[in-house]
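Got some structures for you, see below.
In the two complexes below, subunit A is the common chain; its partner is subunit B in one and subunit C in the other.
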Partner chain A sequence: MGNHLSIENVSFSYGKNVVLDNISFACRDGITALLGNNGAGKTTLMNLLTGLKKPSRGRIMLNGIDLLKTKPYPIDQVGYLPQTFDMYGNVTGYDLLSYVFDLKKIKTNKKETIDEIVERFHLGPVIHQRIGKYSGGYKRRLGIAQAVIGKPTLLIIDEPTAGLDPEERAQFRSYLSEISNDAITLISTHIIEDVELYSQQIIILKDHSIAFDGSVAEMISESIPYIRTLETDFSTLMALRKKVTVIEEKRLSTDRYKIRFIKNEQDVADSYQEKEISLENAYIYFQNR
Partner chain B sequence: MNGFPTFYIKAMIKNPIFFIYISFVLFFVYFIKGSLHITIFEFVRLFFHGYICSNLFLLISTAWVISKRYESLVFLERDVLKKQWKLLFSAFIISSVVALLPMAAMLAFKNPLTDGSFLWKGLVHFFILWTLSNMLAATIGTTIGILVQHRASILLSLLLYGYFLWKSINTTITYQQKLLNIFDDYMQVETNTMSGTIFNLNYFLDKLFLILLMLFLLLITYSVYRKKKTAYILLAVLALLAMKGVVIYGEKHVQKIRAYPTAEFAHVPYAVQTYKMDLALTNRLKNTAELEMSFSSAGDAINLLLDDCFTIDSVKVNDSPVKYSHKNNLLKIDVPYRPNETKKIVVSYEGDVQLEDDLGVLTYYVTSDAVNLPGWLFAWYPAMPEPKPSYYDVRLDASAKIYSNLGIFTGETERKGETSSLSLFAGQYQTLTDNGVTYILPIDAHLDVFQSSLKGLINQAAKARHRTLSASDLQSLQNRAYKTVIVGSWPNGLDDEGLRLVGDTLIVNDSNY
Partner chain C sequence: MRTSIFKTDNVFFNHYFKIYDIRGFKLILTLALLLLLFVYSVLFPAPSNYLISIKAKNLLKGVDDLYDYAVPLLAALMTAFAFFNDYKNQTYRFLAFYHPASFNRPMVYRWAIIVFLFCIGSFVSAGFYYRNVSFFGLIGFLLSVRFLPNIVFLSALMLCIIALTKNSYAGLFVTLVYFVLDLYSDGRLFKLFSMGANTANFYYAISPEYFLFNRLLICLAAGCFLGLACYQRR
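And now, the complex of A and B:
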């Protein structure tokens, strides 16, 4: 059966400034990536999902329960990892996990639950050290560990791999894949590469509304017809920049460039449609169409 | 364990400042542990550096912890006011545990003559001062931390705490000043050793004032973070009004030592022949005094001194109730008398005895374990100024051992004898004997030092141009013609050499020797 989250006609404004305008989407277990440029409303949507802000209208249903009307907010069912996960530097990771266990009022055996989480996220070597001594990677792992403790049905993760080195990012992606098997995992990110690797659903926010809601494959296939490729020289490239939105440039030789751009009404001579484009190309297309 | 703030206790104590704090507390304990040989109360009074050190630690650590707004904790904890309560609870636990260090020192190094009840009183008094000042510091820290949500909250908290610190160490002693003092009210004024701290109405009002102050600060945060802002603002105003109420109520109920009206007693044609008293001393004084009075000429009313702190239940003359008035420490009994007549006058009265001198120091008092009633100065029974010797028959019921110029009262005792006034004392005393003289001295006194001081006082009195001691009394003192010496306490500015010979009992003022 799995878990089900639906955001229904949610709007949010700061006074007259509309941040989210009638947003609706649904997601199930697995990773849903939330993409959008700065100011698109991603953080606000995260704050609404975590119950830290109240929408001006609409509702958020998690497995049939209205998250915003549930008092107190069900922190045992929702895990949250903010973009900058930080903590009092003088407490240990174990102290934190123990406190989160208490806050979530988890019914299982405390020591066993924490030990299992520690093992799962390979926190063993540092768990009894002060958090202030943790590397960025360990801190991020501890962040995800505190979010997933108690096995929440909804995980909200903001920029999960920001600031991690490539090896740590790969490790973190595998954690996310694992935990999303039986939890709705909503990730806000700027790193398109990550999205391509683990997301089963992508939602693009643009101008306070949803610009796209679908899979990676659907996003690419929808974009392909509107993205053209051209090999040209520098002077033509400069002229083209004034006419179309160039989304990728690759220098082939001293005066030869291979470019990709978003097609407009007028086609550009010698340009062609490629069979494959990157997710980043598709994302830029959705942001600019 | 759910509910127990382990996480925040660790966040507060797992840092070098905590170890510096503990080191300072231990240092101050070591530095003033000598004062424990005087009394526990002296230690509690002098330990204010320790309180300040503890207050500062809790102030800074709570302000720092609460001003940090980590997103993941904001999500999990939801309610910043609950977090404030968790921090206050953490501060209370840390404060209570650290309090064990000075309390252990108090037990280990206390004056061996300290009586059990005074030991408990000292420990409780210390714990109350320590806890309340620490909780006030933590309340200031958390309140400013919540409102400012920035590291600057530490500085602002220090400024607000600094105000109370300044008020606490200021030497001006007004009632309001005492209330704003977050430590021992007698930090600047030395009190007598015998009484210890007295848990009276003023003591509780003093602590209530601090609790209301904390409540006021908490209500300010509630008015900012809760929906019903107006209601919380109103409650905060009510807390402020209650604080003002404590000041007004307390000031009204403070009993001050007042000069007695002696003019009314010039050439009175009567004297008290015998006193028969049925006296009970608990936390108040209750007495039925039967006076047999003789009269040398006729008159319409009998004047007797009786302090205003007492309420008279009845006055009977020859077993019949009579009209009387009692104001300005004067009991006026409207009854005519004739020459050579004797009358039996029975006065039943009771009251709390907690009289302060001009410096606000409790001077005349009656509690279950401490009593200071110098009879020739304080009209605790109907008497006349500078009375002639009368015969006393006193039945006294008290839980403490009472020392008097008629002997020692223990439990329910009856004592009889002739004397010019009856003085009663109890508290932290020791009894020593030397050359047939019984010395009833404060527990910190050393007999040889006391004797040397006493000799100096007598010599000083002999040389004084104006003295209150009569020539015969002075001669008796110089000849050591006294059998008992008791140290009592009375205001220092009475120009009386600090000595009073009542029969064969010498009473010495604690502040003079």
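And now, the complex of A and C:
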């Protein structure tokens, strides 16, 4: 059957400033990527899901339980990794995991559970060191380790691979794929490449509402008809920039460019529709349409 | 529900020296400061004509400002030190997630541990400081206990500003501005909300009621500051 999260007609404002306006979507086990430009409301939505903020209206249901009405907020069912995960630098990784284990009131054997988590996320070499000495990669691993203690049904992860080098990003992606098998994993990110590799579902926030909700394939197929390609020279490119939204430029030779742009009412001569576009192209289309 | 709350509190206390005060460094620092205060109070006691001096409506600068101002400032600085890392790297967000109740009790406990130690230390040291006036009598008790609201007030103000602005430097700035203005205006600027009720000799220079009302208001303000700091706005 699996787990089910539904966000129903959720709105949030700071005074008169609307941040989220009547947001609704649902997700199941697996990775759901939350995309959106800065200020689109991603972090606010994450804060609502983690109970750090309360919406002005709407409800958030996790497996039939209203998260907003459950007192206290069920930290045993939700794992959270904030973007800036920086616990006090002089706390050891083991002490942090032990604290989180006790706060979540987990019933299993504490030492066995922590040892298993440490092994799973390859934290052995550093687990008894102070967190202040950890590299960026180890810090993120410890962050995800504390989030998955107690096997929560909902994982909320803010910018999981930001600041990691390519190798660490690849490893972190594999951790995320593994943990999302039996948990709803909601990830907020700016890194489109990661989204393409691991997400089953994509949600794009734009102007305080949802601009897209679907799979990677659906996002690309919906965008393809509106994205045109053209090979042109520099002067034409400069003129075109004033008429259309150019979303990709590739220099072919000294005065030859291959560009992609979002189609508008006026068609551009010699432009054509390609069979394949990148997810980044599709994302920019949804942000600009 | 109530059992659950106390269980969470037990978790906090069980992990206090592994998460919030590693190896008791803050505790040791606090005790060291209080030991210095005690030694100073033993070596340099208040003059034996203290009671005559206050009845003559004199300002008590150089006598009472140690406990009126210096000790509360140390308590407030320890509070800032204890909470500094919460707001340096947004650790407070992580902690708020794991302490989801609308009133942040771990924050109260962390503050209360510091304030409690300073209150005890101040009370005991002041007993020795005023030993030439009265030692272990009712007057000695009253002379020592009258400074405690200042410790509670200034450290609660520090905590409140830090928690509301999510910035330790803002807490330091506001608290130090209040402190300096109050100290150099001899309590005339903030009047009923002044910490200098003893140094400025409100009891005799103005009236006993004014003095008591000042002490009461200082305590009430501290309670409000604490409530504002620890109530988690969601």
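One rule holds in what follows: the second predicted complex is superposed on the first by the 289 of 289 C-alpha atoms of A that agree within 3 Å, B and C clash if a C-alpha of one lies under 4 Å from a C-alpha of the other, contacts with A are read in each partner's own complex, and residues count from 1 in each chain.
The criterion applied here is as follows: a contact is a pair of C-beta atoms (placed from the backbone, for glycine too) under 8 Å apart; a residue touches a chain by one contact, two chains touch by 3 or more.
All of these numbers come straight from a predicted model, not from anything done at the bench.
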| item | value |
| --- | --- |
| Superposition on subunit A - do subunit B and subunit C clash or fit | clash |
| Which superposed partner A:Tyr73 touches (first subunit B, second subunit C, both, neither) | both |
| Which superposed partner A:Val100 touches (first subunit B, second subunit C, both, neither) | both |
| Which of subunit B and subunit C A:Leu62 touches, first, second, both or neither | neither |
| Touched partner set for A:Thr84, first subunit B, second subunit C, both or neither | both |
| Touched partner set for A:Thr50, first subunit B, second subunit C, both or neither | both |
| 24-32, 222-230, 312-320 or 402-410: stretch of subunit B that collides with subunit C | 222-230 |
| On subunit A, the residue positions that both subunit B and subunit C contact, one per complex | 50-52, 72-73, 75, 80, 82, 84-88, 90-92, 95-96, 98-100, 102-103, 105 |
| Contacting residues of subunit C [partner subunit A, same complex] | 1, 4, 7-8, 11, 14-15, 18-20, 22, 85, 88-91, 93-94, 96-101, 234 |
| Parts of subunit A lying in touch with subunit C, wherever the complex brings them together | 50-54, 71-73, 75, 80, 82, 84-92, 95-96, 98-100, 102-103, 105 |
| Interface residues, subunit B side, partner subunit A - complex | 1-2, 6-7, 10-11, 14-15, 65, 68, 70-78 |
| Subunit A residues within the subunit B interface of the complex | 50-52, 72-73, 75, 80-82, 84-88, 90-92, 95-96, 98-100, 102-105, 130, 143, 146-147 |
